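Two complexes follow with chain A in common, the first pairing it with chain B and the second with chain C.
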Partner chain A sequence: MKQGMVRSWLRSLLLQASWNYERMIGIGLAFTTEPLLRDLPGGVEGERYRAALARATQQFNGHPYLIGLAAGALARVEHEALPEEQVKRLRTALAGPLGSVGDKMVWAGLLPVASALGMVLAVWVSPTAAVLGFLVLYNAVHFVLRGWALYSGWNGGLRVGQRLGARLIKLGLRLAGPLAALTVGFALPVVGAWLVRHLDAQELVGAGLIAGVGVVFARWVWPTLGGNRFGLAAVAVALLLGWL
Partner chain B sequence: MMENFGWLMLWGVLVGLDLVSALQTMIARPLIAGTVAGFILGDPVSGATVGVVLELFALEVLPVGGSRYPDYGLGAVCAAATAVHAPGVFGTGIGVAVGLFVAYIGGKAIYLVRVENAADVRAHRKQLDTGSSTAVTGVQLRSLGRDVVRALVVTWIGLLIAAATLRWLPVTLEVSVYLGIAAVGAGVAAGVSGVGRLTGRKSALSWFVLGLAGGLVGVVFG
Partner chain C sequence: MSLKLVRLDDRLIHGQVVVGWGNALAADHILLIDDEVAVNDWEKELYRMGVPPEMGVEFCSVTDAGTALDRCANSDKRTIVLVGDVETLLGTCEASDLVRRVNIGGVHERDGRSRRLAYVFLTDDEAAALRRLSEAGIEVTARDVPSSKPVPVWDFT
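Our next item is the complex of A and B:
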């Protein structure tokens, strides 16, 4: 099983390659779980293996770093020969929490913290420090989280929900938002001051005006516009003004 | 740019794959993608500068569920290629402009890849629903291949846009300054909006204000 766990962990790194609007990451989940199903009674040609793999391919969504919890737990209950309905219920029950916990902890917590640290390092230290600081901090947590998820999923089996309520996860969820807000709040003036260091007073007012209009648009006028399209519009206006 | 074209293409593929399909180590973040592209081109500072601006834009993105978002990583690679070759200190604006456009194309291309992946799943539904490991691995690897092609094509188009912009777009000093102002202003707006999403709750808002105060102190005394 140890070899299967390593294979499954490695496969989880490609989990989202087959993301699609039909089954979301269902195929990726099956691809990740498959090495853990190989030693089911009957082997890879056996009926239980094929039935378990077929169940694993159905629609599923969740945070990619925590998907090991689902892969491990689903493989475990297949080994324990739980009834099909119970396996399906576990699968359905896991999708929501895996998504919300992972999104809150990683996308809205760890990622903005690493991003803020990287930006401040780029401004105050060097580009090399920015790259190393960001990647080391982020991936130290990232890879541990993936490994913990798979291990906990396999060991938890049907009781995997208890692992999601672990003290460390609760702490992570409590700290994620405030830490992200604190670090990004710190980085914004540092980065802003650095980016406008070559601008004179009039140009500073122009940049401030665009930033203000952008925030008003994003918050109240046109929330679905998005920063990318607002940026493209601002660039188009700047080009026109410059040429005229 | 031409002498490093191959390395930029290779870096673009790695960055494109890292965004969703493989590893997700965050080399696809614009700060990393832009800075490393700058290193490849011999000017990491210009790469980091456009990377920082596009990173502000990327703070707004929450890649949850099936949400659609621009590919700022590939945008940053092409932004760095533009900024490094633009004359003087005014490459940031034109670089970010190219980066935003390439990010937009990259985002649209992700959607196309996902639609194709869905078609692949439909075509192999019978094998998948009978537990064929060959079908599972096949769909997974073909999907990965599609993303490689997406990253290659978007990087190639992006570098073409960068080269065309540098060669043919009439960018005077005044236009460069205007572009710089627009890019930085819009970037800060996106960054603040992104934080707005994170700090939706009152308690997080107070942490944001505390961080802001600390950052301002750092700017004044740093």
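Our next item is the complex of A and C:
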């Protein structure tokens, strides 16, 4: 295995610690890439290492879990001594797809799926099982994704796009949304039934009424309002009516 | 006319363009004009990955821009045209009369450039070129996302 891969993977976990508006995760990407650059000809005192590391700190943005694709591929082209202009173009071209693929797979797929399963575990098993189940499931995929990204980035080099476009990733992208909808759709009634389990008939009608208004709001009246704000508004209205 | 946006952005295809502008304009096609990308398979692979499946994307060089622009403008596709540098933008405007307005979406820091807006850094030559474009009758405004206000060329060059 390429020297520095494990260290690079571990460092990628701290990627966002130096997030800032000027370079976003540029510094974090350099920190992640650095162990892969140490064996450039000349070593850590050499010109190539220094130049490569300086380039690595430039502005960059992309999904944190897929950053290995950038770290690996950029380290690879530094080892292959490609012209600086090419390295920069690769860096620019990587930012867009890393963001969109990661957002779709993780924020719109893995996170809602793991959260929904956690909620079901909380109702069916125990709160402890929910916390553990969520953390284990979410991070199992998360850690593997980071490792896959680093491995594929290094092996792909300039052709990293082929790795990112692999069949498995395409399948993941196609399934992420529907899978999230399926699990959340399953979890909501389970959790809803659990939340209202102690209510009497009158209270059930009230809860149903609020849920109905919520659906109408979310679907037709004010789709961008969001569940939290609607919930808080409902509580405020209830308090006001109770006080009057 | 279905050239919905002609945009200068050195990040080319990325989230702001695909999600921000793509949704706001209901665009379903991207025409990326860049001499380097047009001949680099690895770059095309990467940029394709940034485009959602419901959107089409094509790449062409400045030389072929005229034909591609006219074809996109006369089709029923709603196209976003992307270029990565001022020189390509000038070539694009020259290539087709159908380009009537251009959007400056993001040009980032590089040696010799100075800050004009938070997302626009230009050399003096580039700024002058944009002003000339405006004098030639093309509407030039800077605007990073659809929800922000357009800034006319004279206010940032």
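Here is the rule we use: the second predicted complex is superposed on the first by the 194 of 244 C-alpha atoms of A that agree within 3 Å, B and C clash if a C-alpha of one lies under 4 Å from a C-alpha of the other, contacts with A are read in each partner's own complex, and residues count from 1 in each chain.
To be clear about the criterion, contacts are C-beta pairs under 8 Å (C-beta built on N, C-alpha and C of every residue); 3 or more make two chains touch, one makes a residue touch a chain.
Every value quoted in this text rests on a predicted model; they were computed, and no experiment measured them.
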Of chain B and chain C, which one touches more of chain A's residues?
-> B
Now for A:82: first (chain B), second (chain C), both, or neither, which partner does it touch?
-> neither
Applying the touch criterion given at the start, work out whether A:49 contacts chain B, chain C, both or neither, answering first, second, both or neither.
-> first
Check the residue A:129 against both partner chains and state whether it touches chain B (first), chain C (second), both, or neither.
-> neither
Figure out whether A:137 sits in contact with chain B (first) or chain C (second), or with both, or with neither.
-> neither
Partner chain in contact with A:208 - chain B first, chain C second, else both or neither = first
With the two structures laid over each other on chain A, which partner does A:99 touch: chain B (first), chain C (second), both, or neither?
-> both
Which superposed partner A:188 touches (first chain B, second chain C, both, neither) = first
Figure out whether A:158 sits in contact with chain B (first) or chain C (second), or with both, or with neither.
-> second
Check whether A:114 is in contact with chain B, with chain C, with both or with neither, and answer first, second, both or neither.
-> first
Show which residues of chain A both chain B and chain C reach, each in its own complex.
-> 99, 103
Contact footprint of chain C on chain A as seen in their complex = 59, 89-90, 92-97, 99-101, 103, 158-162, 164-165
Could you pull out which chain B residues touch chain A in their complex?
-> 20-27, 29, 31-32, 35-36, 38-39, 44-45, 47-49, 51-53, 55-60, 62-66, 70, 89, 92-93, 96-97, 100-101, 103-104, 107, 114-115, 117-118, 120-122, 128-133, 136-137, 139-141, 143-144, 147, 170-172, 174-199, 201, 203-205, 207-212, 214-216, 218-219, 222
Residues of chain C touching chain A in the complex = 10-15, 18-19, 36, 40, 42-50, 52, 108
The answer for chain A against chain B in the complex is residues 13-14, 16-24, 27-28, 30-31, 34, 44, 49-54, 57, 61, 64-65, 99, 103, 107-108, 111-112, 114-115, 118-119, 122-124, 127-128, 130-131, 134-135, 138-139, 142, 177-196, 198-199, 203, 206-215, 217-219, 226-232, 234-235, 237-239, 241-243
